[in-house]
Structures are given as C-alpha cells and as structure tokens.
C-alpha cells in the first residue's frame, strides 16, 4: 500500500464529468467549477466514516454516469453548460490532521486563484478551515463571508488536546482573519452545544446564528431571505458550507453527530439553489456525509443533489446574466418547453 | 419449482380480506374493489426488489389480519363496508416483461369490465402500462384520465434496448391512445430526468406536471386542488397511480430510485384520500415498494396505508352518496360518536 | 443471573447526572426531577424491544456524559440548574406485567410524594398506567390531567387475554379514577384503531383526541394551543406521556407499532418544550423506543432530546418564575449573550 | 384488538402444509407430526423478539409454499410422506408467562396423548418447560430423556424475581420430576454461565453436559455418538430441544443471547437428522430465533431447515422400519435414482 | 436514460486493470483473461439484486485499485503476470432474458474464439447458459466439461412459464448438447430441491453431484480430488461455475436463495485455487452475488477473492509450465523469499 | 466539548470490574491485569470506526455487569480470582496519531513497570506499536517476542505519506529494536498484501508467518503448537496481539479490512486460551473491532470473549502454578463439580 489514485476505491469522477490534473494550469483556468475530494475524518469527535464521503457522493445515482444532469427546476444542464471538472482526491491521512489540512488548503488556493469555484466533497467539517483559508488567500484575506448550514456552531475551542478538528473550524477562520465574523451566518443550529462562553465569543464576533427555534417561530423563508440580504451587504465573496447534519436525521441519518429536529431535505435543496443563484459564491463544501451510517443511500443521494442544485443554480445564473432573464420558481414544468 | 400460488412466499390476502378466484365471474361482479398482486421488477433501471411489494404490502401491519380496518378519519370500515376482495398474484416472470404485462392487462380488463375497481400492488412502475390499458379497454379507450404521483415522469423512450420498462409506461399509454394526454396529471416530479426532448414531447401531449419547485412555491394544497379540478373537467374516469418514491426518501427509503426532496408521507396520505373521495376513480396502483431496501418496514407500512386511505375514502364516498352527507376533515375525532 | 444493578447492561445515569438511591429520602426531597428506568416490554402487542429504551436513552449522545446540557433555545442548563438525578431501573420482568407494574407504581408514588417530578424512560406504554397511578396517589386521586402524544389511543380492552398491556393504560387510568377523563387530551392519533365502540367509550369519558386529519386541517399550533388551554382549565396537575410513535416513522423508525403520517420530530420537540414551560407538569414518561429497530440511533437520540427539552423548559420556567421574565422563541441565538 | 388467529401477522402454515384444528380429535389422531407456534418472548433475560419466531420460521423459504419438501439427503418428502399438520399459534401473552406456559402445556399434552409428535416453534426457551411437561404427562411422568442443544445450560434459579423464564426451564423440568436428570444431555455449552453452585446442582442430577472445549478436543462426532448412546440406554422416549444459539453467531446472528464459538450450521443440521433417525423422539422444539436481529433471513432459514431435517429423518425412519433398509450418508446423490 | 457505459454506476474495471474494447480484435488476442460483467437478475426465482454483482465485485477491496494483487499463497501477481483485461458490462436488460442471454453468448464466443479465458461476473445463474454455450461454440460443441459449485442443481424445468431462468441453465446446456452431461460435476448441493423426476433426469445424463451429506461423510478433500480426476478423464476443456450460495449463508449472506449448511469460504477459496491450478479451465463465472442483501461487504469481497484465486492459480500454472516447478501449499510464507 | 472521562459515551468499566486511577501507584502494583482503552482509529487505511471498540467491548454482554465471569472451560472466575482492573481510556485524538501513540505508550510502560499485564482494547492496529514499545521499555528492550493473529502482516512502509498507521506497527517494532524479529510469529495471514519486497524484509528479520494455506494444509493445531514452541524457545516475555480480522468475516464482520477465508471464532478462542495458559504473556491487545460495521453485536461479543479467555487462562495458570495441577480440555464439564 504505497500510493493511491483515489484515496479509497476506484478512481471515478463526479457523475462522469471530465477529470482534470490539478497541475494542468491551462485546464484549471478554463474550469468554472472544480470538484475536490477531501476524504478526511480524523477531526471527528464521535463517529468517523466521512472519509468515504467523496467516493460515495461521486458514485451514487440511479442515472447513467454520463456527465449530464438537466435540472427540471433550473432548466439548465449545469454539468454541461458550465465547465465542471473533477480533480480527484487530495491525499489526506486521517491520522495527521495538520498535514492533511495544509495539503487541502494549497489545492483550494490554486483553484480559487484560477478563478474557478471549488466544490469540496468532505470529509468531516475540519476541512472548512483549509477550504475557506485557501479561498481567502486567493480572493482576498479577510473579505470572505460565509453562509454555514449546520446543526452545530463549530466554533469550539481545543478538543481532545487538539486545535484542529470538526468542532473548531469556524473559530479558526475568524481568529485567523481569513473571513469576516460579521458576515458569518449560521442556519439550522440546535441542541445543547456550545456552552455560553463560546456563544459569547460568537456574539462578540458579530456572527449571526439562526437556531431552529427562531427559524420555526419566524419561518424558514423569512430567515433565509434576511440571511441572504445580510450576507450580501457590503460583501461580494461568499463561501457556502453545508454540513449535512443540518437536515433532520430522518432525512439524513448517514452522518456522525446527528441532532434531531432539523430542516427537511426539501428546505435545504431549495435554500442551496436560492443562495447559489442570488449570492456571489466563490467556493462551497458539503461535509459530514458518513456512508457507513446511511440507509439505502438516502443521505449520500441528498449530498449528491445538494452539489447538483448548486451547480444548476450557478449555471442558470450565468445564463440569466447574459439573457437578462430571471428564474421563476412558480413556472409550471412544461410551460414554454 | 413448476407452479406457484402466490408467486413468492405463503398465499395470503391483503390484511385478511376474502380471497377471490378471478375466474369466478359472479363473485367478481359483486366486488367493489379487487386487490391484485403484480410481483414484477424486471422493468427497473436500477435497484430491483419490487417483486416482493405485493406480499409485503399484504402482510405487514401490527394489527390482526382480520379483514377489518375502521378508519379514524373517514369513520368507515372500508374493508368491510365495501366488498373488497383479493385475487392473489398475477404470474409475472421478471425476465419476460412482455408476457408479464400481457397477463396483467388481461386480468385488469376483466376486473374493470365487471365494474370493480382494481387496486394493483406493484411491482415496478412498468405495470401501470397494462393497468391503465386494461381499464381503458373495459371502460373506454382514450377516455381515461390519470393522476400520477411520482418523483419521475416515466415518459422516457427505449432504455437498455427495450420498449418496456419502468421509465416509459406513461409514454406508452399516451402514444397508444389508451388514456388522455391532456388529462394526464403528474405531481411531485423533481431532479434531473428526463432530458428536454422528452419534456417537449410531454408538453406537446398537453400533460400537466407539477414539479416540487412549483409545489413548494405555490403550496401543495393549491396545486392539488387545481390538479383535481383539471382532472375532472370533461373527464369522468380517472386512474390513480402512486409511485412510493414521490415521498421523500426519509419517509420511504424502501424503493429503487429514491430522489431526495419529496412530499411527506402525511401529504401523500391526505392527497390519496382526497382524490379517492372527490374524483371518479376507476383503478389504482401503488408501485416501486422494494422491501429489501426498507428499514423497520416503514415504506411497506406506508404503502399499506395508502391502499387503506383509498379504500376508506371510496367507502365513505359511497356512504355519503346515499346519505347526502359530506366528510369534514376538521371534525374532532370523538365528536358525534 | 440472580441479581442486577441496571436491568440490562452497565449501570449508567442519564448523560452523567448524579445517581440517587431511591431509599435515601433526604436526597429524594432535594431533587427537582428524578429519572426512572422502566425496562419493560412485556405489554407490547407486536414488536418487543422497548426494554432497552432506558439504557439507550441514557447512554446515547455524541457529547460528553458530564451531566451538563446548556440548551441553546432555552438559555439554561437544565441538568445543572435544576437538581436532576437518576435512580436507575426499577426491576421489571417482562414476563410478569402485573408485578412489574406494581413495582413501578410504588417508586413513582414515592418520588411524587417527595414533590419531585418523575421522568420515566420506557419501556412500552403499559407503564403509563403505574406512572400516572403513582402520581395520582401522591398528588391527588382523580385530580390529574393527562396530555398524551401518540399515534394510538391506548384505550383498548382485553388483548391476548390480559387486562394489562400497552393497548389499555389510558382506559385503566380513567376507569380506576386515577386521572380525569375530561382532562385527558390526546394528540397525533391516526390510522385504523380502535374500533367504534372504544371511541364511543372515549367520547363518553369526555376525552379530547386530536387525530392527524384535524391537526393537518386546522394547523398543529392552533390545536396545540387549544389543547394546552383546555388542559389547564380548572386543573393544576398534568402528566405528560409521549409515545415516540406519535412522530412519523421516517423520523422515528425505532418503535414497535409505527404508523405512517405522524408529526415531525421538530413539532414534537417544540410541543414538549412549550407544554413543560406553560403547563403545571407533575410527571412525564417517554415510551415505546425500541432500539433494535432503530437506525443510526436517530430514534433514541430523539427520545433523549425530548427528555432534555422537558428538563430545559422546566428549568427556564423556574428561573422565569423568579425573575419575572418570559421566554421568547423569536429571539436570535446570539442576542444578549 | 380483541382476538387473533395467528398471534402476529397473517394466518399461514409451515411451508403450506394443512392446517388442523387442535380440537378436532380425529384429525389429531391421524397426525404424525403437529407443528405448534409458541410466540412468546416474555421469558428472555436480554433481547426479546423470539415471539416472531413462529411466523418467520413458517413463512420463510425461496421455494413455493406447497407443503412439499423432498429431501436430497434423506430421499423422502417428509411433509408429504408423513402426516404433518400445523395447528397455528397457542395464544401466549408475553406479559404473563405463567398463563402462557399453562396454555402451551395443555396443547402439547393433547397432541402427545394422540401419539403425534409436537414440533414447537418458539418463542424463547421458557417454552421447553411446558413442552416437555406436556409430553411427560401424556407419555409417562419421569420417563422422558432430553437432548438439548444450546450455548447455555438453562438450569438457573430465580431471575428478575421470577421462577419462570428462559434461564430455568431445565431446572424446572428436573425438579418437577417431569423428565430424567440422568438422561438429560446438553451439547454445545460454552461461556461464563452458570456459576459453580448451579453446575454442582447439575452434576448432582447426573446430567451430562458437553461443553465446546470437550467437543473440540474430543471431536464432535465422537461426542454426539456417545450422547446418543447414553440417551438411549434404558430410555425410550426422548425430547429434542434445539436452541438456535448453539450455532455460532456467525451462522445464526438472529437470536437473543449469542455466544461466540459455537457449532457450525452444518454440524447442527447433521446432528438433528442423525438424532431423529436413530433416537425415539417424542417431541421437539426449536427456540430463540429472533428475526429482528437476523440478517438476510439466514437464522430463520436455518431454523426452518432444522425442522425439515427432523421431519425428513422421522419420515425416512418410518420408511426404513417397513423396508428394513438403512440410510447411508455416503451414498452419492444420483445413485439409484 | 438512453445509453450506458457500465450498466449501473460509474465505469470502472476490476481492481483497476486495463479496460479493453471487445471489438478490438488485436487486443483481445493478446489477452489471457477477459473480465466480463453480466449485470442481469431477471432470471431469479426469488430475491433479485445480482444485477449489481459486477459493479460490486469490481469495485470492492480495501487495497488500492492499481491492477496489482500479489498472492501470498501462489507467489505470483496474477493481474500483472497474466494479461488480464476488463471489457465492461454486456448490456443485459433484466426484463428480457432471451435477448440478454443472446448478447452475452456472442461476447463469450468472441472472447473464447480469441483463446482468452472469460471470467464472467454475474448476475444470476441464468448466465451460465450463454457462458458455456459461447465457450462451446468457440472451443468445441459438446466437448466442454463443467465443474459447478452450488447449493442447487439448477437443472429444473419451466418456472413461471419460462424456459430461461436461474433454475434451469444446466439442463439447457446438457439438452442443447453444448457440454457433456457425463463430465458435469456438481459440488455442494443440499436442501429440498429439485424433486425426484429431475434427479432422475440428472442421473440419466450421467451427471455426478456431490451433496453436502456425502461431502461431510467422506470429507471435502476426498470428494474434491475425486471430482477433479473425473472431470479430467478424457476431457480437456472445463468450465468452472461458482454460485456463491454454495458457501454457507453465514459466510455469504448476500445472495438470493441462501441454503444453510454450506461450505466455508476457506474451503471454496482453496478449491477454486486447486481447480484452476490443476484443471484445463477455458472459462469461469461467479454468480448470484446480491450486494443489497450483503452485510459489511463480506459476500462481495469473497466473490472478489474467488476471482483473484482463479487468476492467481492460472498465473502460477503458466509460470510452472515454463519452469517445471510445482506449487507446494505446505511451504511457509517467508521461505525462499 | 472541552474534556472527557471516557473518550466516547458513558464512563463504564469492562463488565463491571473495579476502576483504577492510573496515577494510583499502589493500586497499580496490586493489579494483575489492567484493562486499557485505546479509542483510536486515525491509523486505518480504509474503514474507520475502531475508536468505538473500547466502549463496545466493555459494555456488551447479555449477562449482568457484575465483575464476575466464571469460565465453564477453565473452572475459574478470572475477573475475581485475579485482580483485574480498568483504567478507562487513554485520550487519543484520531487526527493526531503521533501524540496519541506517545500518550498510550507512557500508560503501557507504567502498567508494565508495575508488573501488571496490560490488556489493551483497540482501536486500530496502530496501537500495537506503542503497546509493545511500552512493555519493552518496562520489561527489557529487545527481549519481547510477539505472537500476532491477523489476516495482514502489518509490516508495511509509508502509507498516505505517514510513518504511523495500522499497516506498519510490526515493522516499526522490529526496526526500533523494541521486540525480537526472530520471535515474531504471525498466524492467519492471507490475501494479496504485502508485496514481495516487504515479504523479503520480513524474511530477513527471521519472522515466522503462518499463511492460511499452510495452516489449512498442515492443520491449525500442528501450526499452533509449533508456533508456541518456537515463541518460547529462548524467550520469556511474549506479547499477544489479536487483530479480530484474523477471524473469517462471516464470524467477525465488524472490522475495517475484512479478508475472506479466515479462522473460525472457535479456533481463535481456543488458541488465545492455550497461548495465555502456556506462554509467558506480558501484555495483550485486541484490535480492529469496528462496531459500526458489526451485526447483532457478534464481533464485539467475540472480542469481549477473547479478553475473557485470556483472563481466564491467566487465572487458571496462576492457580495451577500453586496447586501443581494441569488443565485438561477433555474433562467433561460436570466432572468433579
């Protein structure tokens, strides 16, 4: 076991899109979106298994792996209408979080510097630290806003003696200055963590966190619209981080730290679509998919669709920018076909 | 292994209702509803397993298999207040889709000709082709409307070299003229299939397809009311086809091609009830239940309840037709008991 | 196998809170809430397995078992701000329901007599009979109201030749006079049981049962507010019984008699919180969690959180009683930290 | 839920054999073997679920349920060549072990009095107490020997405050005098139970227990031959009790108290066949099959085959008694066909 | 869904070996072994799912997919030391068994005509009919012997109205004259199928079938040696067909018609190795792997290793043919390294 | 999430034995055996999950957690007759293998220096590096022999860029000089790893590795006796390392890198017992138990019993050392009770 292509299993690309060599600068510059595998779960505080997220998210689906996915809703084939390529996995040994994160950060910076949008398939949430850091180095240190879907704030301090792990990336990003605390928006938090001191720290950073109680009381759409507006105020580069555990465990059991009472899969799909259509996204990750705890592939499929919603919306946005049209979710499917 | 009663497993009836011999014409004519097993999954393009749908849907339930199910909501015991009988399985070899469909079609035509309502337990969605064809032959070729709950349009062209399969029944039905394209209503579509040419074909047939984006944006009840109204305009025979994958995979994992972001089980139960109460139903199927992918029987139970909701509503409709009452969903459970 | 500590598995407490000896009267009198394990499933009419509910509900969770759970929503650490202790399991042999129930009843009466609130981890729903009986003996026979979340009415008569079992506790409680029939409120009923005679009996007792049809038609919040108001009218001691099967099987598969079409986990968490904050709760149980049928621990986690929501709300209520504040669910998480 | 046919699920017979009414004395007297369901798991000290053993063992199998199973090995169709009938389930409420056991005992006595061989499908091992007691009452109190396959001795004293349960049947049988302690042979014991006092008691009864260490050291066939010889010395009525957990958990995971290091499924199938062919069997049970813990039905299928091996061997024995032949396991399958 | 590469999922090769275009005649002639996917389960009489066998068997393994597997036992890297290539899947629609089998047969004939050894990854056992037919057309009609590992004889007549299916391939092969009945050797049969008439037919063909009873009584190695000797007597082209259900369900649960009491995985691995090393193999298939019923991938891994044992033994045989050495299983692993 | 007791879940001890504070030197010196949890899986090259090994192995079992386990086979209650204590978990963050291993090594050295035998519950096989290193530092650098049960040699070089991981511990131990290469005995190897260069290196170290082919050809008992004899020749301190994947995946599916064709659970239990009874054991670990991939707890139970066999044999050895007796596996269970 000396070297690997994909870190685990056969070397496949996301639904059959073209592979790219990350060192092929020319190809990189022509890409709109680059899929990156981050098969790392050494940062989890409980159930591991997210290392198999990249291969599972790439390989699932009952449709042919032909690099084409025409969205019924967005009326565009994002994988074809944009130049979406897959660079494979970054080598990330789960037993060495520090080295793994450094390797990932370099790749993300490279992609972002080429003005492509990295979409990173985790892996556990530790990877958002190198993800956003890499983007920030390329696009402007301290200028990146973050929209963060999650059951957990991930702003914790040292755990199990380590500064690196899936409980702390958001703190690391704000403390390092990579992104803006006052444009750091969290949606879907719930439960019994973190403790008050950490919440105090978050408040001091001017973060805006929507707990499920507020979301239920005020309405998801109201909160989402407010969040988007806030994110875009005086900020033109947003990273979108989706922890699949923001979704209720009934819809997404295949994850490491499930917290009951979350959003529905429908809500998250609609929200990701809306955000990618309306907001200036410069990078994205989808994390904490642990296939070993999934059932009948439903969580993996959801993660796959979250990526496709994002790509479809980015594609439609690019089209509409040229044509001057605006996407209308009320339009019947067969109208104007 | 030369002959069988039930195709798989012991020979049981739906929740203990009486068995009927399909060749007993007299008994057939006295039936209001005939349960038919269609244990076929040779038409699936991905996960097989729906062949076990009929035995599972018949045999599940924590209540006694006594042929009685008093509905709390509809205030009628559909299995007793109507004459509901079970003819067992049609012999359908999954390796020979053509012969299997012909066998099923003949049975359905026979039941429908006796003015009974066939409720077919699939099996994969291939069976809707013979189901509706059989009904159309009995009730009026080209006069049947269809209300179709599904994540997928099932209007595709040749797959794996075959004209028969679970991706094409709706196209076959419209192209053959068995049912009306302009009264073909689809609810719950989503995802990345079919491609634009097929959507164009669907539009040309004047189909009306509600994708989940429109349903979410406009509201499920608004869309459902509109759909029912449309179906009943100038059309007095409707077939109801329910693909269990219209439900979100979180509520219905036990299926072959799950697509995240679907309806809740509550929504589908309520919709089936409403449709069977308000619309002139002449046949129904419930398809794509694959017990091998289920967990704790939840998908199988849901399918069982979809059948019961239909039967209960048909029973209540018959009662109200006599008494002149109208069912009121707002009435408290214990009022007037 | 002559004696046991915990009935099954290692002797642990709920999330690491202090253990209490039920015979230590002084400690009992200082307790606000006493966790009680009722590892009994001899009363189930279908799938057994709820005997492992207590150990599973106590032992699950990805967070440290440190006896602390600061609620994001309620802004209190219920396990620390109240005196919450765990007495371990009552010895309940599933093969002898009668003796098991007597043992449990004595423990509950003792706790209730010490003015502590028992929170009983079931076990199947049989245990609500001794739970409420014990509370009624301590707090006032015939004065207790009950709010009961369940898919099933549990008001049945003899089953399998027995008067004791999970289908009859509510009948036993009303017939014995332990609690008030006219303050017995059921939420979430659905399906095909019980039959009309039993519903008639329920109506005669002036019970108020919200079936899912009414809940969907009128709105969950409307019904819940009405239910709370009704419960508190002329009644100042309420027992809260939560059967986890009130939740849709998609969110709570790990139970014995799942009935499709239920509430979401979010709705139940919010409702338990609201009830415990607004209503004079004197006891609670959470029942029918059968870990063997669960997937990825999602049902067990939900039950764990139902207990935590209750404790957090009780804690916040106690605080607000002193400070005169009122909890506001619309308040953003980080406001005022 | 007032009455039932089968206690759980649809009313089916073992692989489609004829049903018998236990009160039809004439039919009973014509039966060679009577299948009895004992759906009871109230006696388990750990995982419940064996209540579903009878329905699962009856209903499994990939072959048609046609009441015919020609044994390749024994060259007889036991289900047809003998008169094998199925009386359905004895009503056994798991919450009342005492009443349940009394009901079962009466049925077994009745069958045994008619000179038929009862084959009881458990159910947990508690049922062997009424099984053997019923046979002893019919065939001769104190004259029955027992061959008992199990990982556990089941000779324990009071557990969870009860005298009845799956840890004690063998003690109850010997103490009551129903069967002979000196012809009580146990095969497959292992692990860490019971404690020395109980072993002392067993020794005092002159029981003969083959622990897996002895079996491995001396060889399974040596031990089995010795056991059969011992059983038949001065004893002409033997009850065979097979606890499926005698088999290694790898081959039989679907059970309540699995103990690693057991026999293979092949060894147990061969042993049951040999015993039923060579020994004067007057009754048999197969217990502790808990389908909820099974995977891909392998344990249930094994239990089904254990019954079939027994019936096939009994059938062959009856044939050979007439023809004077002796079965030869070395004979090639197709020789002499 | 119009066309596909691999029939299901991403287009991967067996453990990363080179892909071959079946129409590249030159490449074909250079191949020693050609892996063929036969993703067909339309012939199963019970559980479907074997359609996913090819993708699962190709894609499993915890080692890198680098096209290299140095065998510890055989001291050769079969995938590298031979020219082993993968042609992908034959398009086989499970709903049309006839067409599917014709397509497969053509491919096999082509490979065999190029003097390469096809190793076919099933799929259900139906495929052995076209597999052996194709080889026979290329290598000599009526000259092929077969060694067949299976729990079932697969010599049945019409099932579910069809002549094609997984219960009849061996009958079809002998009746058509494609292979020799008197060199058709079956190992591992057991259970209760087929019935005596079919066994008579088998005997008439001079088949030699080792049932598990004979195997246990006489010893597996004795029987295997005898079988190999018989196969090679006056026959110089043998096809090896391995139905994974020959292995006990405890070692191979992921299959459609599991029959308890089978061989161990160790026995089958050793036997396949021995046969491929000693016998003139001209083709092979491994069938009935149904990943949906597997647990923790153990059956899929076993099938993968069965292929590797075959390839390793073929490779070692080729080497020894040149060097004159003979493989010695007693040699310690590190001797002579 | 700042600190923990047990790293995951409630703080329990192995089957209820007393806890010990590792810093209580006096208590440590009185201990015969110290159970140590090593909840680390950051070194796995494939499936993670072994971090939950310690809590699962400690907490499983259907018997009461009372710190007593009288062995039927060894006629001693190892947990009581020896002083066996549990120190809890070493804090091991899976994302930092280096620090984790250092922490474990210190604990092991401390225990070994107190002349107690550490039994370490893994965790992945990475931990054997610190386990044996710690023992060697205490008992004599370069003097320790190792008996190693495993499917894999674990003598690999750098993987995923790291020197630490579950593929290399045996290389590290021999290269560092901690243990003797010529008394390093491996049993159960099989499959396709490592490659020839590594095997050459192993041979150069004079390791003795029994591959399954040799074991099958020569017999397991012959090989085991030879191995024990070799280990004890001129070596009086042996460490026993058991990777649960040495057992066939059918008996032990819950592991990260299952390799078909292994030993039976019975063989491994017997071998561990024999080794601990006959060989001068100074430490032991049981590794690679990944509960998330287990079914019905069978792998976890097996690991639990492997520990118990070891403790029971150590206990019996101590007794026999005093009494001069020798344990006789042929003795019937009830003889001499």
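Each chain gets a letter, A, B, C, D, E and F, in the order it is written, and its residues are counted from 1.
To be clear about the criterion, a contact is a pair of C-beta atoms (placed from the backbone, for glycine too) under 8 Å apart; a residue touches a chain by one contact, two chains touch by 3 or more.
Keep in mind that what you see is a predicted model, and the values were worked out from it rather than measured.
Asks: Identify the chains in contact with chain B as well as chain D, in label order.
Replies: Of all the chains present, those in contact with both chain B and chain D are C, E.
Asks: Copies chain D, chain E: same or different interface, half of numbers shared as the threshold?
Replies: Both copies, chain D as well as chain E, present different residues to each other, with under half of the numbers appearing on both sides.
Asks: Write down the chain pair in A-E, A-B or B-D that repeats the interface of B-C; the criterion is over half of the contact pairs matching by residue number.
Replies: Overlap exceeds half of the contact pairs only for A-B.
Asks: Would you mind pulling out the distance in Å between where the CA atoms of chain E average out and where those of chain F do?
Replies: Centre separation, chain E to chain F: 38 Å.
Asks: Report the inter-centroid distance (CA atoms only) between chain C and chain F in whole Å.
Replies: Chain centroid spacing, chain C to chain F, equals 44 Å.
Asks: If you average the CA atoms of chain C and of chain D, how far apart do the two points sit, in angstrom?
Replies: 40
Asks: So which bits of chain A are touching at least two other chains?
Replies: 1, 4, 45-47, 63, 193, 248, 250-251, 264, 293, 295
Asks: Applying that definition of touch, give me each pair of chains that meets it.
Replies: Applying the touch rule to all chain pairs gives A-B, A-C, A-E, A-F, B-C, B-D, B-E, C-D, C-F, D-E, D-F, E-F.
Asks: So in the complex, which bits of chain F are touching chain D?
Replies: Per the stated touch rule, the residues are 62-63, 68-73, 248, 250-252, 264-266, 269-270, 295-298, 301-302, 305, 308, 329-335, 337.
Asks: Quick check on the complex: what are the chain C residues that touch chain D?
Replies: 1-2, 4, 7-8, 41-49, 51-52, 91-99, 126, 156-162, 164-165, 167, 193-194, 292-293
Asks: If we count contacts the way the header does, which residues on chain C are in touch with chain B in the complex?
Replies: 45-47, 189-196, 199-200, 202-203, 207-214, 216-218, 248-251, 253-254, 256-262, 264, 293-295
Asks: Which bits of chain C are touching chain F when the two form their complex?
Replies: Against chain F, chain C makes touches at 1, 3-6, 9-13, 16, 58-59, 61, 63-66.
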